[in-house]
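In the two assemblies presented below, chain A is common to both, partnered first by chain B and then by chain C.
Let's look at the complex of A and B:
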């Protein structure tokens, strides 16, 4: 294969992906932009009695009920107070629309597939499965999260029932 | 011996314990998986030894050949191998026994040795092994016996030591919470100064400190102390890590407090580990420098192959030093 052809082949295989980045506990995370429907300012979340621990409650989004997940709890991070920068990201995962509460939403970044590195797989915790990979962006390590794995099939069903 | 000593004394005592622990590694607190493997191996060794007892009057060279598998698991099976009342395993249904019988038969035929099998004192053999000409002459067992008899060398090891230690080699000494460790220079990927907090990843074990970007590489930082020291000693030394010893051709890095100096070692100066034991990362110990020599490649494999989610070190025996 000649050099130009090789270059074209490499470019074609090296997809450029868009990620929305958000902050949680001083670290930056990224989720595929295609999964994000919108980002909301924090609004009051109505608790749901008997809901799983990782469910903060529900919100009314233009007449639709959306369940909000406690992302910190899900990631095994310490809880924190709600602030002005707290946001609820409305995402679609596993054919369900849910909200995930994050410390803040930063930006949309473009990442090449080749830039994404595999994260070490040494975690015993369930939450370790959410990590899709890591990527260095703007001199900072971005942790890419796979939201489909945020919950098990049972948990998604549980959420749907709320 | 007590952890109430000064930290330096405690470290020295620990290193001493590490040396002894490596020697007596086949202790009861071995990991369950390792125990089962050992039991299996010792069972095979016992079966083999039982069946071969009848051949004890065979020519010496033959006896030596047969003795190899018995040494499969010396520390555990020594008492089991020399059994006072041995019985010949029932030969018919078990394929392993059949092949063993074939093996014995082949030896008997080729060496023209006819020996009692069940009770050595009797002159007539109580069990006759029928010639089974349809079965190939026990070549599988004969071929596998030497390999099964001797524990396979770990990857990267040759003649009881790592390949890089076949001749004189250079090592870098570094300290982790007071314990001196040595890493061979050939396995050293680099030394990185920790100039910012590593990025932690959620859901990871506590010994995984996070990732640090260096030289266009994300280095996964390992809390070395959690692997090489008992908790009691870690608590005594809360000094923050300053440097990372990056493993050659790997993204893993071992956090350390300080880099000491490089030394040159003859292979004979190292007491090499004899078994993988509970610390595959330990290549051996150097008493002269009071340090533990790391088998870096093994450490790297341990993490890469996903064993890293296990408890870093089974240091139960060492923690009992204060008893």
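Let's look at the complex of A and C:
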């Protein structure tokens, strides 16, 4: 890291952010903890006929109906079987509450603003557009997800086109 | 111009005054029936006065002026100086309309425009005692009880009436009355001073300061001329304006301090009997304390306003609690522990009670809608020169708040129809051997989990033949079809769009669109409409709506492992059938039931995601469950895997992401905590068959 950057970060008392990490396929991703309402074990998801493909269905969250998104499908990954560690993360983004299904949820990490780098422009487009940045922590790459984009305008037009 | 009033205070005013105005409309119509009822006159007077007080505080001058003039009219009425006449009522009612209109403007945070001067003049005219109109023109009358500052007219005038009102209320004893008569109208001018002291405690501190400067003698003169004034004024505070007073005390926190410094030098030298204003203030609350329990206790405010969304939240949680309870009940029945069984049993009872209590909080008496009808009937009978009375039954029937609001328009329409089309002119009625006065009956009653609303009249009734002929003329039916209709079916023609039996559309009804709208609205509420009529005897329209909108009766079905709910209103019948022998017309499968050909659809092909599971085997076909659903007058058959039964469900909206998914009306949570999708049958057919 270059020294001017470091200086800048320290002078701004370097904002510390908390991220919840989860795994999908072989990668670790992170979501800002403020957006995560809760993490649920996998429970039966009722499929919704006529819904977009990336919508797995709906679940009953204590009397409220919550839509669950197939994150693998959304990120252009191969589908996998539901396992014991499969979790549904209930997140609040763009003024709606949705669930995202992930392979497993790991921990909450503290990241300094200065540690976050913008994503290198590689990889397939499907997943690249949801990436806010990356962070190298303990020699592991953490991909930070931009949730608002996960349910952004494109999806609306997609919905409207049905 | 927008209002720059404190939003909280404005909201309080809107809510409170809104209720008063609603009440006023009822009371005014009642007044016409019993024009000499002093309680009613006082209630109306007080109503206008309270609205005026609130509006004055918010400085909505046009509203103040209109209310003030209306108030004056009732002041004259209660003093028996004038009799209630239909013309007077017309004026007062249009004043109420004007006030309502202004009120709506205020609601949208705008300053209303001044009332029609003609209306104000008319009110001022009626505010004069009968027979004295010629002696004093409205302007003179106004100036008679005016304080030197013309800006004070309104408050000062109002307070005079207050004081007199109180003395009238308190003392019906002859000497007091005599005293009052002596006083009015000549001593009014001197009396102005007395209210000036009321003014300080009651209405307007700012104005008061000016006034104290302007005519410093005010407080001194008051006790001398009218020893009763201070007592009366404190009464007034306790009764009407205590709240307003408190608001003022809080809102204009600076008031008392300023008043003290200003008032003391003025008042102190005058007279010992005239207490400086600030000490008088603290005296008022104790007066309230001693008075309130004695007179006003039963009307103590026990209500709380709650946002309906909060109620929905509670409802939701109660629903969850019920599910947890169900699970516990199941567990409890497995265990042999008697204590556990007892506890679960208790929980069972408590949750059931809780559920019904929460349901009840959403309920409102239908009076809220019915309340406006006396006025409507009264206006119609005057404008159409008919004679009719309205009878209301079961006003206390409770139903869901949303439903109360949704029913208002259709009911208004039906009542207007009854009055306009149903009830004949008095002469015609007499000729037919009926009472001159027509009767419209509006009734509500609960029947199980439904509400029955009946609008009946003893008017001319409907002629099925005329209806049929009209429908044929309009090209809505051919002659053959019309001939086959039963009378009952013919009556239902009135709901068809564009049909009217009136040759001439009036401003009341007769354009042929209203009933169509009524029908649509009622079906939106999952309700039904029935018409009964007998020529020459009258008509009756019966509306049946569910008690609440939140709960929908459905038929639960199964497709593979997933549960779906079909709205029961759409379901006509269910049967088992060997559909492998279904006929094919033009590539579409159809079945024939009782000589009717219905298109047949396999819901599984539409609604099961996994293509491998969509196909239906031969064995399944031979013993298929067919649900016949109706959309409008069209029927179709749906093949389903399994029938679960009838269930009342709470509709939960799908999230924004899934909103608008074709064929789905929402979701619901079944008794075992799983999710069932509620189908929107017209949408479903539209999307998957691409028809219509």
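Assume the second predicted complex is superposed on the first by the 138 of 162 C-alpha atoms of A that agree within 3 Å, B and C clash if a C-alpha of one lies under 4 Å from a C-alpha of the other, contacts with A are read in each partner's own complex, and residues count from 1 in each chain.
Assume a contact is a pair of C-beta atoms (placed from the backbone, for glycine too) under 8 Å apart; a residue touches a chain by one contact, two chains touch by 3 or more.
Remember, predicted model here, so these are calculated numbers, not experimental data.
In this superposed model built on chain A, chain B and chain C occupy separate space and fit side by side.
When both complexes are overlaid on chain A, the residue A:138 reaches neither chain B nor chain C. Once the two complexes are overlaid on the shared chain, A:27 sits against chain B while remaining clear of chain C.
Once chain A of one complex is fitted onto chain A of the other, the partner contacts of A:75 are limited to chain B, with no touch recorded for chain C. Once chain A of one complex is fitted onto chain A of the other, the partner contacts of A:83 are absent, as it touches neither chain B nor chain C.
Touch criterion met: A:130 reaches chain B, while chain C stays clear of it. Annotation: superposed on chain A, chain B and chain C show a minimal Cα-Cα gap of 23 Å.
Residues 27, 75-77, 117, 119-131, 134, 136, 139-141, 143 of chain A are the ones touching chain B in the complex.
Those residues of chain C that touch chain A in the shared complex are 316-317, 319-320, 323, 562, 606-609, 652-658, 660-664, 666-667, 669, 673-677, 687. Chain B meets chain A in the complex at residues 199-205, 208, 211, 213, 218, 220, 251-252, 303, 306, 308-309.
Taken together, the chain A residues at the contact with chain C in this complex read 44, 46-51, 55, 58-60, 62-67, 95-98, 151, 155, 159, 162.
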